[in-house]
Structures are given as structure tokens and as C-alpha cells.
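Paired with chain B in one complex and with chain C in the other, chain A is shared by the two complexes that follow.
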Partner chain A sequence: MASQPDNMSRRAFLRGSATLIPTVGLAGGISLTAQADEPAPNLSEYQPVFFGEDEWSFLLAACDRLIPGEHAGSGPGALDTNVPIFLDRQMDSPYGHAERWYMEGPFDLDGSPDLGFQYPYSPREVYQKGIAMTQQYCRQEHGKRFEQLDGDTQDAVLKGLEANDINFASLGERQMQASDFFSHLLENTKEGYLSDPIHGGNKHMAAWKMVGFPGARASYRDWVDQHDVEYPLGPVSLNGERG
Partner chain B sequence: MAKQQPRVDAVIVGLGWTGSIMGMELTDAGLNVLALERGADRSNADFAYPKAADELQYGIRHTMMQKPKQSAVTIRRNLDERALPQRKLGAFLPGDGVGGAGAHWTGVLIRPTPTDLQLKSFADQAFEPGVLQDDMQIQDFGVTWDELEPHFTFFENVCGQSGTTGNLRGETQEGGDPFEGPRSEPYPLPALQDTQNTEMFDKAARQLGYHPFPNPSANVSRAWTNPYGMQLGPCNYCGFCSRYGCVNYSKASPQTCILNALKQRSNFAYRTHANVTRVELAADGKTATGVTYIDENGEEVFQPADMVILASYALNNVRLMLNSGIGQMYDPVSRTGTVGRNYAYQIGGGIHMYFDDIEFNPFATAGATGRMFNDFSPGNFDSASHGFIGGAKMHSSQASGTPIKTPLPKDTPSWGQGYKDALQKYYGHHMKLSMTGSVMSYRTNMLDLDPTWKDPYGMPLLRMTFDWKENELKLSRFMRDRLREIADVLKPDHMEESFQLNGDHFKVTSYVSTHNVGGAVMGTDPSNSALNRYLQSWDVHNVFVPGGNAFPQNFQANPTDLIAALTYWSAKKIKEDYLKNPGPLMSRA
Partner chain C sequence: MTARYLIPLLAGSTLLSSMPAFADTDDIVKRGAYLARAGDCVACHSSPQGKPFAGGLGIESPFGTIYSTNITPDKENGIGSYTEEQFAAALREGKRADGANLYPAMPYPSYANLTDEDVHALYAYFMQGVEPVASQPPKTSLGFPFNQRWGISAWNWLFADAEPFTPQASHDELTERGRYLVEGLGHCGSCHTPRGIAQQEKALGGDSEAYLAGANLNGWWAPSLRAGDGDGQGIESWDTQAIVDYLETGRNVHATVGGEMTSVIAHSTSYLSERDLMGIAQYLKSLPANPTSDDAASTEAREQSTDETAAHLTAAKNLSKGERLYIDNCAACHFNAGEGADRVFPQLDGNSLTNAENPAGLIHTMLAGARPPATSKIPAQLPMPGFSWRLSDEEIASLATFVRGAWSNDAGPVTAEQVAEVRDSLGDTPLSRAPDPNGSLNHEDGGQ
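Presenting the complex of A and B:
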């Protein structure tokens, strides 16, 4: 983080003129420039705020299976792009607290899934309970914690969560199914991978560069009529980082 | 006892599209007008570049939208199912805060056809008795094309509507929609630029003999000054349009088109974080005395007013009427009562097509970008021989290319290296063929009050009973076959379909559209409409209810042009007749 020499020098570099993003014309003739914020932290040095140490080890391992890094094939992975940091920060956002959702009882768990989720948990609780259940399952089934399993076994566990083959009810969790937890984990992992770095993931916009999304440029009047031509410019982030 | 505010001439509940229009019109008439908006204040500055360009915040977390915590809807598919609360948003995304859904809509600004306004009359003449489902409850709007035309034109000028004229005073125009009703004036501005998918769709549709035209747009193609003196700048094709505030003063919204002008008027005021819980009625129940709201400190406040305008979005308008005892609640068994009757929606479907070697650059787009054709709207084709009524807008639109929402073929892995490979392979190589279909009204598609769940202020939640019916599923299948023919011309490397077909039921978890209509419909017969043809409550004459709630059934395109035109139509009647002589504008006989 800030105390690390490589990041210090990087920050000094970023503070220079290099990070002024191209001006974006606004209707009123105003133009805006933005400067890059704090550089993205290194995942290995990050201290999670919400997740406990054990939960964190689970997330690091699971994210690496959900979106594996360069070691598995081309393109950055969830760990290369700080997705776990994104997850940690989301837990403290209105989303994590289910602040905007209707969370009043009664909670009728027998209805059709097409009517939407009915369990009484905010995403924070979904993660806490989901990770605990998964670890309990791994201990029972394999005598190890999830992060200690080999990659193929980890994948099998994740598939078991996805398909509800791992039965949370028999592990003591009766309100939420394994797939409820898995779908949060997967959806949020993709969000962290592909959203603006301002939210903590997609470090240096690596995922955007991989797919060819120009980020927050939001100005293509001169480009829209160029059909079937690859867009030439790299992405820009909300904080003005250029990729 | 509730705190009481000084009386106003008119109180408007909700400051989105209809509330802003009513604010303008009623202040024009010299009234002292107050708008109460439950959400936050929002101005163009809130969306200034680059703030709005944040997919997570707006596209995914719904930051500008109705909070279920404050106002959830419970949903069931039939009278026997237990309705459950929609705990987080899904199928529809109503707005919250100044501007309402009008601040984050897409901006496809399209008129219905003259036939759509008189669908029941059309059905009586085009269908043999017994062909249509007997639980269908379609009706005429009670207002004609000629009556509404000036109001469409005015609102389209307010928005700087961009597109290609198809029918100018009865003369067909090249490149526009030959099936549109006669316009008194051409579109204010030329169409938006085409994108790759638009061009491909256009060619294929023409080859098959259809009549494609540019999606009519409220994302303006050129600088525009509207009748209120508000200025819009040409659209930037920023790619963050549908679900986002505009970074660029280019998307018509209450903010860009009306509110800055309205806020200058000394006889207009508005309060935010003012959540109206009910309309208060006089002892005889025949007039409203004002509204009760909860202010930002959680205190209950009574706001007296001579007139109440419910402009809080179709679903909220119906709920406020039910919670206030305005009119009689609909009963689907005895088919009596009108409030909650004829709730309808929109049916969607499409073919996802993937082309390995074509770059669509989906991020470089305006919300409304695309092409559509109207060859399959009612009266333009023989749907009777296929056993259904209604129609569809057939189109290829590209509302945004934000990456979290990247569509991927279903047979690709949803995680692991295969997922990453698919993202790289398919992002930017996808286009969609879509149909947006009409939905008729039925005996058991309806709104009422939930018996179990309440909002934080103790008021019952709205309960929605809705499912797809046979007529719409037939329509969906017919339109699927037509879209398949277009796909055959375009020959994608890979494609897959998503349509509602036999046996499918309404799902609340994935987005369908925020085109919720009906529930407090307009008409000329108080036994089957909650509002008369001026959007005035039949029962409480100083309550007017502009919004999609007034549609007796839904037509095949986007609702806001019609919602706005009806609002201006209602306002005109208020100004010309109601204010001079407050009372029922139509007699119940």
C-alpha cells in the first residue's frame, strides 16, 4: 500500500501530467479532466475490513477458480484484478446491508423461485453463512478447508454449491440454499471483474482491456458511424486512469 | 396530530414526467402548485461527466430506482398463488427521486397507432365472436387520435424527438413508418446515426419486404431548444443511457426539458423526501382535501390542497387510490369495482445472434439507437387467422454495451477459464433481434392491496396478479417465427432464442420492461374505468391520475409518448373547464 516503495513511486508518477485524461467535450463547452486517484492496492497486502481471515482465504481460493488467472489461459483472473477487495468493499455498501431491499417478514420459503428470493439475509449474511456452510462441508467430506483442496476438488465443491448438490439444510442452514450463496458469489465476482476500478476490482482495467471495452470514455460521436472497425483507444476509468 | 402545511391550489404527488408536465400546465393557469417527491433531489449536475458512466452503481445496483424497502410490490401469477414480496427489483425498475424513471429511461419516444387507441372497436369489427379469449377485457381509450395528436406533437417538441417522418398529414414519407398515424408536423430533428446492427437489421428487413425506420428517439441527434426555452445538446452516443442519467444534456428528461424552467416560476414549489401515504377525503368522500405524507424526519404532515394530481407512476398511483379509498376496489370474481382492474404489461422476446468476425462496438451507442418496423401492429396484418389480437414492434436496438451485462451463449461455461474465453470471444460480437409485444387485459390480471405485507409507514403493499395468457403466447410464437426469418437472412455464426412460449409463466427476477400499465384505466363508462376520459376520478372529482395506469390494455411499443400526451390532454381540460367549474367533467349516466 502507500508505504510500499513501488507504489510510492507509481503514485508520484501518476500525480504527473500523464494521468490527465483526454478532455471530454460537454454540451456547454465545459471540459473536464480528472486525475488518477490512489493507485490500486496489492491484493497480498490488503487487510479485509468485513471478512475474517478464514473467510478471506476461502474467497481468494474460490475467486481464483471462478475466474482463473493467466496461469490457466489468456486474460487476467479475479485475483490479478483485485476482485476479493471489491467483494470486501461491497459488503460495506448499501448493497451489502440490503439497505434498499424489502426485508420485512414473514419469510415464506415455499413459494416459486420465479417470485424472487425470500430468505431473510442481507448479502453480508449470505456470505458469512454460505462460507461457513461450505467450509463445514469440506471438512466433513474431505477433512480439509476449501482453500487446502486441490483445484479439481475445489471446482467440484463449487459445482456442488451451484447445483444444490451440497445440501445446506442438512448442514443446519434451512433458510438459504447452496445455490443462493453460489449465485451471489459468482455474480459479485463478475461485477468486481468488469466494473469500474473505483469499486475496488478490475485493477488497472485489465478486464476491460481484455474484452475491448473503453470504460468511462462515454463519448463516441465521432466513432459511431465507423462500422465494423475495431475501436482503437484503450479504456479510461472514472478516476482518470488510462489503459 | 399530523403537522399541517399551508394550503395550495394543487398538490402533485411525484415529480417525474407526468408530475413535471402537470406542474408546467397548472402553473400556466396561475395556480399555486406544490409537488411532493418521495426521493432525492436530482439535477443534471448529478449526472455530470463522468459520474453517470458507472455500470455497477446505476446499471446493476439501481441507485436511481424505487427502493423496495420503501415501496415493494407483492406478486403472484394467479388468484390461488400466495403473493410474495419482490424484495429486490427485477422485472421492472420504477424511478425514485426528482425526474422519476424519466431521468433514467432509454428514450424511445414512439406514438401508438390510431387503432391502438380504439382496440375494442377494432376487435369487434376484425374478429368473429368467440375467437378471442372470453376473459379478455379490452376497451377503447375513450379518446381519439385527432384529439391527442396536438399533444403528441407538443411533447415531441419538448423532447426534441429525433427520427424520420413516415406519414405527414396523410402523405407517406420515404424512410419513415408508413403505418404511423398522420402527424401534423414532421419529427423535430433527424434520426440518430446508425450503428452496425442497425444497418444489418435494416437491410434484412427490407429484403423481406418490411418497412423499417429509425427508432424514434428522445436522445437528440442535434442541438435543440424546446418550447420551454430549455436547451439540449447533441447526443454523444455515450453508451450509458438506459438506466443512467445523461452525462450530456442530450436525453430528454424532466430535468433537461422541463424542471429548470418550472423551478423559475414563483407559483411552483417542490419538496423532496416527502413520501405521500394517502389522499385525504372530505366526510362525504366526494372530494379530496389534500394529502398526507411522511417527511424526511419521519414526521407525518398534512398538505391541504384544492386539487390532487397523482403522478407517482402507474403502480404507485393505483396503490395510492386503493389506500385512500378513491373509487371501488376491483373484484375479479364478481367483476365489480374498477380500481386495480385491467393491469397489463409488455411481452418481450428475441434472438441473440453472435458473429465471430463483425465488430459491433456496442459501447458506442445511444439508448434509443436502432431500427424497428411496424408491419405487425394491429390492423396491419391478419392476426385473426392466427387466433390472437395485438401486435409487436420488431426491432434491433442496442441500448448499451456495458460489460457486466455482456450476453453470452448459454452453452458457454458460466465460470472458469471457459467463461473468460467466452467473454473475450463474444464481447462486441453480438446483436439482438427483438420483439416487443402488446399485452391485453384480462379478468385476473389485476392490482389490489396485499393482505400481509406493509411498508415502513404501515400502509399495505400493492399486490400484483399477473401472468402471460394464451393470446400473448400465441403472439410471441408468431413473432418468433418472423424474427427467425430475419436471422436466416443475416446468418449468424451462432444464435439462440428467448421467448415466452406455452407453459411459461411470469418471472419477477429478470428484467422485462418498466412499461407497467392499467389498473386505473380511463374510459367513458364508470362501470369499467376508474377514470373518465380526462383522467379524472369518476368518484372524487378533484383527483386526476395521469400515468400508464390509464391504459385499458397495452399496445406494442413504449408508453411514454402516450402517457405524456394524455397528461397534456387532461391538463387542457382542467384549464379550460374544470377550474371554472370544479365538478365531474363527465356525468356517470
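Presenting the complex of A and C:
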């Protein structure tokens, strides 16, 4: 993925920091890879609950650009770890419905970022409208859907969203900017990658294993005074899966 | 015989035949209420949704379900028409007012030691301090031959002797007070003394080695209460203050209560005075411990095993499945040395439930969790969560097997089949529900 200097350097950074955090390794030789009660679904067989077929194709392609996977030779990616499943499930949660958010106006598109989101949409609507606008832009600009573009072009589109170079207002969406959508997509993708597998992403704790995070063990008292000793245990998830 | 009852009647009443014509002082009624707590009458004589003392609790026995009776002073449904003499006969001899025998689910062989003064106070409380409830609990109907209540007379003749309490000269006064409560109202032996072939407690007093030596109770091990010096497991390692703390709050520096004893502490022992509890503790400490087996490890060897397990878990290398499961699920509270934390997390090293021959109580606690009682001295109920949603039968078996052999523990392994059996018997386990990823935390979170 020579076309992905940013992602590669971020990955390298995560890897680098993993040497500061005790690294994961089952030096003991006993295989403790666990049987989860309900094995994580295969992404290819998953039927999205919220996203439509076209939206789903966009998400698969976009997530793969944000955190490229094994196929890029750089460790587990968003698709390897079921991040799109995490996103789909979040859309059906209180979060997706913005159930507890203040959703009344006024909304000021030019308001300071300190003032929080300035659009009347729940995350469900942010994704629906954001994906629709992005697809409309790709058709206008490239004559193709986002997922049909090559990797470099997809990255250019995502960067255009991030920088508001793609103007949602000119495409007909006047209440939300492209960067609003992009920040949701990027933030939620990272969350799905790094959060506990109970939420649908981070399949088999692959992201935790990569960064050396031991998961939901909550018990490190005995390591406070063990200096310069590699932490030998793989992670454990909320559901008790052991890695 | 009758003289025993006459004295309090004459002292407190003007008419022997009318009831309750005498006016007992509030103090006597209060004393009766205290004694009723000591006897934990309410535990059996109330159903979960029912009014106190109105009966109706189904008590499983090997002979069938025995329903407890209404012992409120309601004249039709309760014991409101009992004379004090009839009340005393029910308590001490298991005789109903009509002369029929009570089933020995009622611990009258223990209550037989009650002094006249205490029977009188209890009578005063049940007649004047308890709200009458006009409801009839289900009738007990056991199959033949156990529906033949007359047969119990033979059982009584064999196993129950209504001996009033006589202090032993060899004990000090407080220890004797403890013995009176333990052997009598406390009826500790009902659960903690092994039963014989006729379901009788093998001993009713501390002069026998079988008394309070530990027994299986519906699959749980009700541990030995013989607290004298022994192999150092369970209560044998507790001092008198630890016993007092446990009875008063369900927690001490070693253990936290679980199983049936939770309700005993909640409804009975937590209401007793510290002096009475100290008497109980002293009496239990006076009982020589169960004989140790010949191959029991020395204190030094036990300490060494404890250190070895702790060091192995701390290094966290070459772990068995059970050891890894302990680190992932248990060690945050019970710690690598299995020592727990004073009054908060029970110690697993040397714990009587962990080491019980029958592991059902341990398995039950692992699957369903446990919630200590709220007592006036420690109202907080920091519960242990259950792990039935998180660990499979095989995993619980590996974990239990490890814990029973870890540190100085020396109990046998546990199979997945044993775990499956306990799991099947569990009803709703509110402490063991899988977390809902979209539950309240997510709500409170409010988004990104």
C-alpha cells in the first residue's frame, strides 16, 4: 500500500508503541485461544440490520481505506475485525438514535467546533445522508460509485470529505457538512476496531493483540513491581474470550 | 412437669384459663421478640410473599414437602387459642394443641432446652407482639407412611429428649450462654450436624463428636462449626471475634456468607447482641475440631503451597486453563494468593465451601454469584457477580478444579457433568446476566 503513507505511519506508530507497552506473546506454549460462546460472524455472511445494500458497499470500501487489512500486509484491518458490523449495530443502539442527546436547535453551521455538532441529525441520519451525498459526488465527479473507484481515488474522496473540499451544500445537503459525516465515520471506525468484541467489532480481539492491550482483565496489582518483565498474557474480552 | 409452667403463669396472670389475660410488660414482649430472632422462627414460618409468621413456606424433606404453619395469634388459622402450656409443648416436644405430633422439620429437639422464662417471653411476644394473620397456609400432605403423624412418637422416643438446659460447671457463664443459644434456639445443628438414617441429627449437644461436624444440605456443604484447633481450614482458623463478625454482618477477615446461611444472618444472628454472639463464638471454639486425616499437611507445608501457587500466578507463565481462567475472572478480587480482602472479598485459601467434598456450593457460587445480607452494621451488599453467562461447564470445571487444589486447598477435581447438573438446577440468576452493550452505560454515555 505505497499509496497509503498516512495509514502506514499510523500503523507503524501503533506497532512502535506496542514495544513500550508490554507485548503480547504466549511464550508458555499452551494454546489458550478461546472458544467464544457465539463465534464472531463472518463479515461476508453478515446481513446488515440498518444499512441498505448500497450503503453497506460504501461502508465496506471506506472502512478498508481507513484501516487497511491483512491484504495490505499491515496486520488486521477494519474488515478483518468486523468494524462494519460494529457500525451497523451501533445504528440500532441508543447512540444511533441520538436517544439521549440534545437535538433541538439552534443549529449554526459556522459555529465553533467547541460547541459540538451543529446539525439536527441522529447518527443514523448522518450516515444515510452522508453516504448518499458522497455517492452523488462520486457519480458526478467520476461517473462511478465510491466502492468502484480505485484506492487512490477513494482516498482522495475521503480526504475531500475530511477537508470539506466536497461541498455538501452544493449537492443539496445544507444542514450538515462533509467533515461532519467524515468525523463520524472515522471515529466510529476506530471505536469498532478497538472496542470490546461484545459490540461487534475487534473480532477475536485482533486489534488488542496487535497493540498489546490485555483487555478486560482488570487485575494488574501483581505487575506493579515486576520491572522489565514482558507481560506474558494475551487479552481477555468481556465475554470471556481468551486470546 | 406442670410446675414448670405454673410459675410464669402465676407470676404474670390472674386467670389460668383465659388467654392472654395477663399483661406482660413491654420488656418481656421485647425479650420474646429477641428470642424469636435467635430462633429464626420467621425464616420457616413465612412464605416469600407472605406476612411474617403466617406460614406457608414449603420445606423440602426426603419425605415430601412440609408446609410451615401460621404461628400468628389468629385464633382460627394461627396459634391464638394456644395456652402457654400448649405453646411450650409445641416448642419443646413437637406437640400440637390437639395432641398430634409436629413433623421434626420443626426443630423441637433443639428447642427442648428452652428455659421456662424464655418460653414465657416467646409466648408473650407471639400473643401480643405479632400481628394476627387470617390466612391458612397449604396443608402438608406427605405420602404413606409419613402422613401417619403418630409414627413420629417413636422417632421422638428414639431421637428427641426434652431435656431442659442445665449449665455445665466446666464452662464459664458466657460460654454456657453460647451453648444454650447454639444447641437451643439457634438450632445450628439442623443444618450443620450430620443426619442419621432416620433423618435425625446424630447429636444434639457438644458432648458428641458428630455435633456440628458439618453436613450436606440440599447439595451445599454446611461446614463444620467445631472451631477448636484442627487442620486450620474454615472456622478452625477463625478467632472468636471473627465468628462474632461473621454472625453479625455475614463478613469477616476470612469469609463472606453464601447459600442458606445468608438468610440466617439477615433475619436472625445479625439481630443478636454482641455479648450473645461472643458466647456463641466461645462455645464453638470450645468444641474440639473434627479429627484431621493422617495425611493432612503441616502448617509449614500449607504455607509453602500457598506461596507456590501465588508465585506461579504472579509470573503468569505456563498456565493451565484453570489458572488462566482464575487470572481472567477471579484474581482481581480474590488475588493471586487467594487471600481476598478483609470483610470485602472472601479468602479462597482454606475456605470451607471451596474445599467441601461436594463441590455443588462452590459451583453454584461461581455460576450464580452471591449477595451478602444487608445488616445494620454493614448495610452495603457488595455482591459477587455470577459467571454462568460467561463461562462454559468445562471452563467452570477447570476453574473449580484449580481453585480446589490451589494454595493450601486439598479438595478433589470437578467435572463438567457436575457443573451441568448445578447449572440445570439454577432458576433466574439476577447476578449473572450478560452485559447489554446497549444498556444503561451506553445511555449515560451520550455518544461520542
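Everything that follows uses one rule, which is that the second predicted complex is superposed on the first by the 204 of 243 C-alpha atoms of A that agree within 3 Å, B and C clash if a C-alpha of one lies under 4 Å from a C-alpha of the other, contacts with A are read in each partner's own complex, and residues count from 1 in each chain.
Definition applied: a contact is a pair of C-beta atoms (placed from the backbone, for glycine too) under 8 Å apart; a residue touches a chain by one contact, two chains touch by 3 or more.
On a predicted model such as this, the values are computed, not experimentally measured, just so you know.
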First (chain B), second (chain C), both or neither touched by A:Val224: first
Which superposed partner A:Gln118 touches (first chain B, second chain C, both, neither): first
Most chain A residues touched (candidates chain B, chain C): B
Contacts of A:Pro232 with chain B and chain C, given as first, second, both or neither: second
Touched partner set for A:Arg242, first chain B, second chain C, both or neither: second
Contacts of A:His199 with chain B and chain C, given as first, second, both or neither: both
Intersection of the chain A residues that touch chain B with those that touch chain C: 27-28, 32, 93-95, 98-101, 198-199, 217-219, 221, 226, 231, 238
Partner chain B, residues of chain A touching it in the complex: 24, 26-28, 32, 34, 65-68, 72-75, 77, 93-95, 98-104, 106, 108, 111-118, 155, 158, 186, 189-191, 194-196, 198-199, 207-208, 210-221, 223-231, 238
Complex contacts: residues of chain A adjacent to chain C: 27-30, 32, 35, 37, 89, 92-95, 98-101, 123, 184, 187-188, 198-200, 217-219, 221-222, 226, 231-233, 236, 238-240, 242
Footprint of chain A on chain C - complex, ascending: 313-321, 324, 327-329, 331-332, 335-336, 387, 390-392, 395, 434-435, 437-438, 442-448
Interface residues, chain B side, partner chain A - complex: 48-56, 60-62, 67-69, 72, 75-77, 81-88, 90, 193-196, 199, 223, 231-240, 247-250, 358-361, 363-365, 401-404, 406, 414-417, 419-421, 423-424, 427-428, 452-454, 505-509
